[in-house]
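Everything below concerns the one structure shown next.
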Amino acid sequence: MDLAFTQEEGAFRAEARSWLHAHVPSTPLPSLETEEGFAAHRAWEAELAADRWSVVDWPAAYGGRDCGLVRWLIFEEEYYAAAAPARVSQNGIHLLAPTLFAHGTEEQRARILPPMASGHTIWAQAWSEPAAGSDLASLTSRAVRTDGGWLLSGQKTWSSRAPFADRAFGLFRSEQHTAKPHQGLTYLMFDLRAPGVTVRPIARLDGKPAFAELFLDDVFVPDEDVIGEPGQGWHVAMSTAANERGLTLRSPGRFLAAADRLHQLWRTQGSPHAMRSRVADAVIGARAYQLFTYAAASRFLDGEPLGAEASLNKVFWSEYDIALHETALDLLGPEGELADTAWSEPYVFALAGPIYAGTNEIQRDIIAERLLGLPKGRR
Amino acid sequence: MDLAFTQEEGAFRAEARSWLHAHVPSTPLPSLETEEGFAAHRAWEAELAADRWSVVDWPAAYGGRDCGLVRWLIFEEEYYAAAAPARVSQNGIHLLAPTLFAHGTEEQRARILPPMASGHTIWAQAWSEPAAGSDLASLTSRAVRTDGGWLLSGQKTWSSRAPFADRAFGLFRSEQHTAKPHQGLTYLMFDLRAPGVTVRPIARLDGKPAFAELFLDDVFVPDEDVIGEPGQGWHVAMSTAANERGLTLRSPGRFLAAADRLHQLWRTQGSPHAMRSRVADAVIGARAYQLFTYAAASRFLDGEPLGAEASLNKVFWSEYDIALHETALDLLGPEGELADTAWSEPYVFALAGPIYAGTNEIQRDIIAERLLGLPKGRR
Amino acid sequence: MRFLLDPEQHAFAASLNGLLTAADTPSVIRDWSRGDHSGGRALWSRIAEAGVFALAVPEEYDGLGARPVELAVAFVELGRYAVPGPLVETVAAAALFTEPALAKRFLPSLAAGGTMATLAPMDSQYALDGDAATTHLSLTPDGLRLAPGPATPARPSLDPARRLTPLLPGGELLSPTPPTEQALTWARLATAAQALGVGEALLDRTVAYVRQRTQFGVPIGSFQAVKHRLADTKIALEFARPLVFGAALTMSPADVAAAKVTACEAAYAAARTALQLHGAIGYTAECDLSLWLTKARALRGAWGSPDECRDVVLSARA
Amino acid sequence: MRFLLDPEQHAFAASLNGLLTAADTPSVIRDWSRGDHSGGRALWSRIAEAGVFALAVPEEYDGLGARPVELAVAFVELGRYAVPGPLVETVAAAALFTEPALAKRFLPSLAAGGTMATLAPMDSQYALDGDAATTHLSLTPDGLRLAPGPATPARPSLDPARRLTPLLPGGELLSPTPPTEQALTWARLATAAQALGVGEALLDRTVAYVRQRTQFGVPIGSFQAVKHRLADTKIALEFARPLVFGAALTMSPADVAAAKVTACEAAYAAARTALQLHGAIGYTAECDLSLWLTKARALRGAWGSPDECRDVVLSARA
């Protein structure tokens, strides 16, 4: 058991730090949930990719450095410590790419991953439907077989990044009247500007169009954009969902950096005693999350599956993130009400944490049933 | 809407205060959960009763002053502010007496209430059974008809006060094979020293025998000790249970006095900043509980039923009580670990709050279903 | 002691409730957020006609006398409908105009709804809705000033219906020794009552939502985790309510501070619960729920943070 | 970076676990609480033979060298079985004996289990289990003293298995400048690990109970409110665990303090949940659960309150 990094890992950290120091914009980019900000963040992705920093853990063939999980964690620590921009390509990198690595064809990977790595193609996710949220298997959008491909129809919602993104991926019902609702689903990718697609932006609490409704009317998707076997989409997607809740959605570096900034804010505000416990808990929580992740990564490298433990991770970070940002707003005093401080948009973003990527209620059910072995109830 | 007390109420308060000032023992009595302490508290009940302070809201015929709910609240505020002893007779006064007022015969009231008021007869409750806790209706102890009365058999548990008390009351199954489990139950009173009764004291977390298991083997109970109609016990008991969760189980005076002592402790310890929020919340919570109770009492005096609102009250005071005592232990620093401080036994006592008198889980179900109108689930 | 609203107070609440139900406040709020104050001004007049501002004005200046209980009744309803505008600030302004000359000059119009006053507290550079207000007041180290107007631009609040405007410096010195503490007490009472109404609206809307939203074939309101979370919301609001009305009766700064922190924390907790149980739909600006969610957060910090209020409670006992 | 226990560390945990399973600790604990230390002393010897105390003793004094990770492994198991006695205090004592003369005099016996040391911290008048200990140490303003023995009577702890004894004043001055901070760090690490084990035992016992206890015709563990509460307990413990082992690797006072507060809060929360979900049976002294419940509360305050530990965390970053 040790926490020491190798000399090579130290050199990698130093190289990342130095690159970030030279490249991170000195003033924050505009919010990525605006048209202007989206473009600026896309350009930043290209800048990262130019020096192979956008997907460090991917194979070199697709734009990465094949650097492994530990260096990815190191990179993320440096990335957020450098206050580098949010990653507009995260849906693709964290959700779609792992699915392609696990279930895609070589042709799909070669075609899709490099433009994802460079920010040329930005991906939106298209999971939820109005009547299928936590109960994702109940979705009804259809994929109907046609010559050389499929025709998609129906409605998707809470499609994050969709207002400005290029393409999307999701599950569609390709067989009706199956024995169980999660059978007969197919995992497809489609173009958000294809004929038949209508994107209706939806504004988040702070008014920014962070997601969209997608209306699909006989949208053609060629066979080459099916991932895995038709009808096996649930299985294909669940490996993505497990990943989504796992190590990569929120890297420890993000919270270590946020806790540092919170501690700094507390000191700037005169180190008020009444807030000390909450600031200390934020600092401690970031360290706990880092070490929990190191342990999970070590197990993963030993070949152990992560599985339901990802649910522990999801509940922890999402509640931690809100508590940290609430503490920051409270430290700001009357300024904490303002919507344009450095803490305002991250606070609004954090509020979504317990809802998306599997609500925390669903996660607690999973923890109780799969990790603790409690009986399934009717909830 | 007003919070002002009448001149007569003010005079009543002054009279109570002055009597308490003259009579409350200057050193605390030993714990009532010990044999010695039980006897001392019984003597204190007699002292209260001698000047008609033990049951101020009862009719004068039974030892009270018929003073009404408002003066009862006033008395309780003065009682706890004076740091007067805990009430060893509370099971009888708060649980059995209201049942007798509602469902007892005049003969029963005349026979039972005066010795209850004087501390001559101390009552234990005998509700729970090993397999019937939250699911109280599933109890199996039997009452079998015999000449002139009933024979009780079976096992009761968590019978508070039973190790040193005189008599007990509870529900027994007098009809088998009813359509629903809460049918065919009868409410009976019995002597804890009657032939066939075995009392096995059970020690609380701190080792004190605060309750007992009761083993009953053909214990004879005369017909005169049935309350209400045989077979109607559930209905009779539920009016008691509603009362148990309602206004009288924890009077606001108790928490106002505890919050005052907590605030005093905080100041004695140098008013530590880190504890300020918790102390303030205790002070505010006591006031909230007082005013909530005043409002409930005002509605009650208007003739409105209290009903499911008692569940709000139960969850509030039980969680409040624990938080207050945890704060006190934390304020004591290393001394907080000791079992013999003024805060130790009340802390242990508070820990039982969310469990007894209907667990807080059951209370939250009631609030959700009866006050908010949410659908009954399988829990 | 009879700690219940009188029938007249109930009737007043019901009539305000009717007025506000008819007013379609969500569209008024959305217009207000975009800087279109016409609907909000019209609503302001109707609220004034109902006598709300007159409850903070002595009878000799065309008011109904200082009636904090009725004011609290009114502000619960204003919060329940998330009515926009410097409502609290106008009440606080009324409490500042105690000197006869000022009272005569400002109060009749304030009671009648002709004055929409805003006020920058001592510890903040911002006044609420300065772009809409007709009277701009600053509490400065010199005393109470009539500011020349709002400075632009306003800063946005997390609640889009609250526009925080710096005030232009200088202006007429109205009073070197204004009754600041009294104004703060009125402001906190009104904020506490408003927060209580916001919290109750959040609970009601969420209860309605979880009864009709189904997942896994049943209403999500039948899940015990959902039920218990809403039960906790109900408990917090039901114990905040008596503090608000108790404070209105005593108007002691400590009682009012206790009501403020408790009602605002209960409302913010209700907001967190409402958001979680609505799921993604609750996170959108187009869902009306957002109008209450964001207000709950803003009120929590307005006119005294939770910690400041707790300090007042303990200091009063020292 | 490989932040996982090695196979040897797992094997060490498993062998201790086997030893303790066989020891019937509940009856040992109950005897200890009554002042009968025979079973506790025998167990102490077996724990020493397993090498636990030697993990805090340099090799030249018959120890295994300072091995805080293995020590943490051991204390998790000691907590899991609620082993009584001044375990933490003996480890802290080992860290105090750095001067060669003291080390030579005390450490070999300590490593071998012949010494059961207790220690009154600077801010407390009490030493744990002074009536059972063979060596009584006081940290006084003068330095480290070998106290003449325990004063009677001991004061009872909320955990009946912990007897808090004042020490007699005076005694031999062992060192005017003992390494107090280092001893505190070892004590906190051991307490944190012990608390983690206590919390895990509470969770395991409660999960087992709610699976078999039925009400309303079903196991209470199928109720969502019960499931979610246990899920939260699991989360808190699983995020405390890496802090404990991370602290054992760095042994920085701040990391150890972070582990201490987090593990102890998680264990106490586990105790509150365990009590609530067991219901009345959990509230009895005769239910073995009580042996863990009361210990969780006591450990929370021992060797640094939550607030003191949080201070250390923030001060280290200043």
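Chains: A, B, C and D, in written order; residue numbering restarts at 1 for each.
Going forward, a residue touches a chain if its C-beta (ideal position, glycine included) is under 8 Å from a C-beta of that chain, and two chains touch if they have at least 3 such contacts.
The structure presented is a predicted model; accordingly, all values stated were derived computationally and were not measured.
Chain centre most remote from that of subunit A: B (centre = mean of CA atoms). Contact tally for B-D versus B-C: the pair with more C-beta pairs in contact is B-C.
If each chain is reduced to the centroid of its CA atoms, subunit A and subunit C end up 38 Å from each other.
Averaged Cα coordinates give subunit B a centre that lies 40 Å from the centre of subunit C. Centre-to-centre separation between subunit A and subunit B, using Cα means, comes to 53 Å. With touch defined as above, residues shared between interfaces to two or more other chains in subunit C number as follows: 218, 223-226, 228, 306-307. Subunit A has residues 274, 276-277, 361, 364, 377-379 in contact with two or more other chains. Interchain contacts join each chain to each other chain, per the touch definition above. Interface residues of subunit B facing subunit A in the complex, by the touch rule stated above, are 273-274, 276-277, 377-379. Contact residues on subunit C toward subunit D in their complex (touch as defined above): 223-225, 228. Residues 121, 123-124, 126, 155-160, 162, 164, 214-216, 218, 223-226, 275-276, 279-280, 283-286, 290, 293-294, 297-298, 301-302, 305-307 of subunit C are the ones touching subunit A in the complex. Of all residues in subunit A, only 128, 131, 133-135, 138, 157-158, 202-207, 211, 272, 274-275, 329-330, 333-334, 336-340, 344, 347-348, 351-352, 354-356, 359-361, 364, 378-379 touch subunit C in the complex they form. Contact residues on subunit D toward subunit A in their complex (touch as defined above): 1-6, 9, 69, 203, 207, 210-211, 218-219, 221-224, 226-228, 230-232, 234-235, 238-243, 245-246, 249-250, 255, 258, 261-262, 306-307, 310-311, 313-314, 317-318.
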